[in-house]
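Below you'll find the structure I mean.
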Amino acid sequence: MRVGVFVCQCGTNIAATVDTEKVVSAALAMRDVQHAETIQYTCSDPGQRAIVDAVQKKGLTRVVIAACSPRMHETTFRRTVTRAGMNPYMMEMVNIREHCSWIHSDIDTATDKAIDLMRMGVARVRGQAPLNSTTVPVTRRVLVIGGGVAGIQAALDIADAGLPVTLVERGPSIGGNMARLDKTFPTLDCSSCILTPRMVEANQHEDIDLMVNSEVDSVRGYIGNFEVDIRRKATCVDEDKCTGCMICQEKCPGKAPDEFNAGVGESKAISIPFPQAVPMVAAIRKEHCRQFIKGKCGVCEKVCPADAIDYEQEDTIVTEKFGAIVVATGYQTYDWREAYPDYGGGQYPDVITSLQYERMLSASGPTGGHVKRPSDGEEPKQVVFISCVGSRDESVSRPLCCSVGCMYTAKQAILTKEHIPDSQSYVFYIDIRAGGKGYEEFTRRAQREFGAIYLRGRVGKIYPSGGKLIVMGTDTLSGGPVEVEADLVVLATGFDSAPGAAKLAQKLNVSYDQYGFFSESHPKLRPVETTTGGIYLAGACQGPKDIPDSVAQASAAAAKVIGLVSRGELETSPMVAEVNQARCTGCFKCRDVCPYSAIEAVALRDGREVAGVIDSLCQGCGVCNVACPPAVISLKGYTDNQLIAETLELLR
Amino acid sequence: MFHKLAGLPWPLSVNQIHKGIGDGEFSVSLGDWEGVPLSIRVSASVAGGAEVVADIERRSGERVSACYQCGRCTSTCTGAFAFDYPPHRIMRLLQLGQVDEVLNSRTAQLCFDCMTCSTRCPMGIDVANVIEHAKMIADERGIEGGEKDIRRFRLAFLQNVRRHGRLHEARLLTWFNLSRLKPFNDFALVPVILRRKKVHIVPPKIKNREEIHRIFREVNGNGKSGDERHGNEIKAGGGAE
Amino acid sequence: MNSYAYFPGCSLTSSAGEYDTSFRLIAEALGIGLDVINDWNCCGASPAPHHWSGNLGVLLPARNMHIAGYAHDAMVAPCAGCYNRHKNAQYELAGSEELREQAARVLREPVRYEIEILNLVELLVREVEPDELASRTEGRLEGLNLATYYGCLMTRPAKIMNFDNARNPVSMKPLLKATGAEAGHFPFKSECCGSYMGLAKKEIVLRASRRIIEVAEGMGFDAIVTACPLCHQNLDLRQGQINKAFGTSIEMPILYFSQVLGLALGMSADDLGIDSHMVSAQKLLGKIGQGDRAADKSTEVA
Amino acid sequence: MAELKLIGFLCNWCSYAGADMAGTARLKQPGELRIIRMPCTGRVDPLLVLKAFQEGADGVLVSGCHPGDCHYNEGNYYARRRLELLARMLPAFGIEPERFEYTWVSASEGARWAQVVDDFTTRIRMLGIGDEPTVAKQPDDQRTGEERAVNE
């Protein structure tokens, strides 16, 4: 057995705290180690060549590379040794950067640790056997979850590449939060003017199957071959029959809250959320419908000219196979009321959120584009905007920056002046975050051309006084407290993950952070991949984002999906379970515990029934390996012997 | 309309930046307010200041560096209008190691620890606690920060407690007022108070006053209330502003 | 009947006598036993912790806790200031061997400081069932809208007081509702009244307190309910000074929480010492049919 | 050589990634712990843990995905059942249970990982070097009924 050890210095990233030469000499002192050297940048071209040369010149049969995290470069170096003519799985990576040099400052500590880890790697690779991966076909259909601008963009890009897409939207219409915006920064484009055509396109695209009022129930399978149950929620309206004439909505006697308008104004129990909705189909919200609460009404059924109403309708489950999944579930605005009693905690009607204000500004909104104080319908002259409500505030466990508040607040200050020329806006901010193209200029315009007064400070308290609101704030630039008498206060609320985001993440087995935003596989280099193969991220479900970023990320995800699915077939990891059938007792404990039902009973020639692994299904978790009483089923690449050898090497 | 309640001249403007007051020193002057120059000097004193700041952080257990100057503390600070430095600026000065400004500030004397700032700080810093410890250090150094009254009041109060074991409000009032030559402060209240039976004329005394004296001795090593230590014993007619 | 060690504190024995009286009255009516701590001493209030490394602010309360600890496992300090100081002292004693030794030196025996310390609202919330109270008050205070005012010292610093929600205290509400009164949203419930600056820096108190009573008046409250003698002094005793200083004409009665419950239980304004307040509560009393009882002592403007 | 020998068995998807994140964030940690990468905590054999103690490990830390977040759906549930049982049995093998910890750290919890390592190491430092283990040596591939119980 001829082992080669390569110790990466990663410039000074490793070499600064780990004495790599010491590691090399320690390696050379080990049994079977025929070659060891340090390399300045192992992942670099010369670095990889050095490995290939050493393997070929010294006829190495196993390689240990002590460098960064295998999660970073394992695939890179597997290719490297393959080029050298070795089996890719005879290479073992040891993490002496993230797990060593970067977390220790003392050279001896770091070096000792690096040596241990290297030795453990060698011990482990000794027990490694060559593995060969097989291929499985990839299903030519893609699931996009979420019909906001990101989901729409991803769906269109993928469908335009000729791949069939199922676009699942929880609500009654696609369009997401963007459809609720009046204008967009920094160009002041009309939001719905640019979004609506895309919504229609998505609906009409022959390769896009649009499912509104639908949610993902459960997900099985793995990259290339997912099987998903989609719940189509009963709306009591036949989608195919409904013409969107809205007579039902007119006549419906049942009042209902207006989610689309963020609670500004009221809606009906049967409704189409907004005039540009896609699809243009009504839906009944049972919890508000008299037919279901009181058991009698039936108005909509009577008035519907297309007789599309069907109170008997029930949820249905559609099961489909997909090769890849794009998650684009977006965000919801932070619910500030509990956390900010000092701002009235929802007690003052004239303290509203930026989204509610957005609906007021929108010509298609409940006030027809007229800005009115909720309390008395008067036109406000003094409007105060408060940034960072539910952002940059550790005391309400929202330390993150919402990344768009500064911009949409500037936008709303500008629009306020346009709607009410004799109005004065005040913006309380902490820092102006205007990183995007044309953003900084935009916030300047708000102040220079539209006369918004920017005050640098966080507001402490709002209280009512003589029909107005007194806003107690600070201007840290002039050094002291300031007060503004306001007719209307608009809170720039931050971003929270969409309701149920964490639940969905668990169904998909993708990781997510403490706010429920889905985690990308690598912050720099794999920004749209998740930790689970075949599942990609687009838009604000990954973290607060503005529209251009969401759209760009959606297209990036689409590109990844197209790349994956168009290949047609997929290499599976050979690190799967393997049964020593000669010694298997056929107790099938393994079958009971396998999460992927990848174990089947196989009849041997002598008639005994023993366990057999279905490679294409096995995902290599190793649960069976532990469950097996006689220890005859083992996970390739993680065999008992390898793990024990690794452990013993450390404890020797 | 937009009105300054803070009592600060509005708007304050950065008048000038002097450079080269000394090696690596420069100072920003923000003009002045009621005779208090609103200016900071970023300088060598940062070095010396750093230790005191570290001391304040250690004693108070608060992280001064965590402050990102959002100013929420100042927004609803009860006394800000009377302070020379509102709370967020105290935090800033400490971040810059400007300890002298802080210890000599009126704020360090006037802040009466209502902790409104602390409850609202988005970073969870107990701002009042920080100022509190600055105040103690100032006291240890006998600094009155141009606010003799406050320290006098506290000492008069304790003096009173030391003597009787309990507070004799009427006596505190008179004594304190005499001590700063304002004998008739709140005088108008007196007849009312009397009529409303709101005071004892005779001071309340506790039995075991010895124990109280032990306590005072314990904290400052002598039988007196420890004013000598700061060389300004309370006596009626002590110089007022 | 649960009985508690009772720490009146200096103000309740003089300027805030009516707070003491009304508290004893309702305690009796509600079957809460109070044993005054024998030979208690001043807690040191705000000045003590500012001097001589602050230990004075620990040792003075330590003596009270020590004495109270003989016979009781819980003590009540109706004065928010005393409550706050004792809690702080307890917190610091728990955290420092050195302080415990100092205390032992003074007291000549190991200090007992674990006693549970309650403020007045805390005590009543614990001892009184809202429904039960409601059944006894017969909605006497119906028609009143009371501003609940907590001030600073009962809830802050949150990590030491851990009483109620420091950002939005609500403890008084259920009991007030049980009296039939309204307790509407009062935005200044935990703003500071100016604390002990009344003598040394009066303008601070006048400004701070003015805003509190002005907002309460603006929002149409009948009275402000407090549980702190210092707040009461600033809001009531100095209300005349405030009107004078700012040319306002606010007339906002300031009642102690105990007085309000007293009224609700049918006690007379005089017995509860409401007549000793600077600001007349006649209008309010009229609303609950006691107007005629107490002869109108119109407010002197100080 | 670090005085104490601490072994960490980390699942590749959550905790190992979390440890990577801690590294990327340069969160300094004590140096005794050596990490062994596992596909899933469901692969962590209680016998492997015992073996480690038997061979003189002073502490063993197993960390995986939070409940419900397992990359393999339910691997960490099996792990939890097995390892909790193991923890209860450790005294029977003459091993202080405090030397063993099973916890959860997600891929985005770098700071939490650093904290876990810090707490665990400090704890073991206080316990000091483990006594001579009392587990009877035995070949890896045959198991007693009792140990079979540990497995399921």
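List of remarks:
Order of writing sets the chain letters: A, B, C and D. Residues in each chain are counted from 1.
FYI, a contact is a pair of C-beta atoms (placed from the backbone, for glycine too) under 8 Å apart; a residue touches a chain by one contact, two chains touch by 3 or more.
Please read these numbers as outputs of a predicted model, since none were measured by experiment.
Using the contact threshold fixed earlier, the set of chains in contact with both chain A and chain B is C.
Measuring from the averaged C-alpha position of chain B to that of chain C gives a distance of 25 Å. Distance between chain centres (mean CA atoms), chain A to chain D: 30 Å. Rounded to whole angstrom, the centroid-to-centroid distance between chain C and chain D, based on C-alpha atoms, equals 54 Å.
Counting only residues that touch two or more partner chains, chain C has 167, 191.
Residue positions 342, 461 of chain A are each in touch with at least two other chains. Shown are all chain pairs that touch, namely A-B, A-C, A-D, B-C.
Touching chain C in their complex are the following residues of chain A: 341-342, 344-345, 347, 461-466. Within the complex, the chain D residues that touch chain A are 1-2, 5, 7, 12-14, 16-17, 19-20, 22-24, 26-29, 31, 34-40, 42-46, 48, 51-52, 55-57, 65, 68-75, 78, 82, 106-109, 114, 140-141, 143, 148, 151-152.
On the chain B side of its complex with chain A, the touching residues are 1-8, 10-12, 30, 38, 68-77, 80-81, 86, 88-89, 116, 120-124. Residues of chain A touching chain D in their complex: 69-72, 95, 97-100, 102-106, 109-110, 112-113, 116-117, 120, 505-506, 509, 511-514, 519, 531-532, 575, 589, 593, 595-596, 619-623, 625-627, 629-631, 635, 638, 640-641, 643-644, 646-648, 650-651.
Residues 76, 78-79, 81-82, 110, 112-116, 118-120, 126, 128-129, 132, 135-136, 139-140, 149-150, 152-155, 157-158, 161, 165-170, 172-173, 176-177, 185-186, 188-189, 191-193, 196-200, 204, 206-208, 211-212, 214-216, 218-220, 226 of chain B are the ones that touch chain C when the two sit in their complex.
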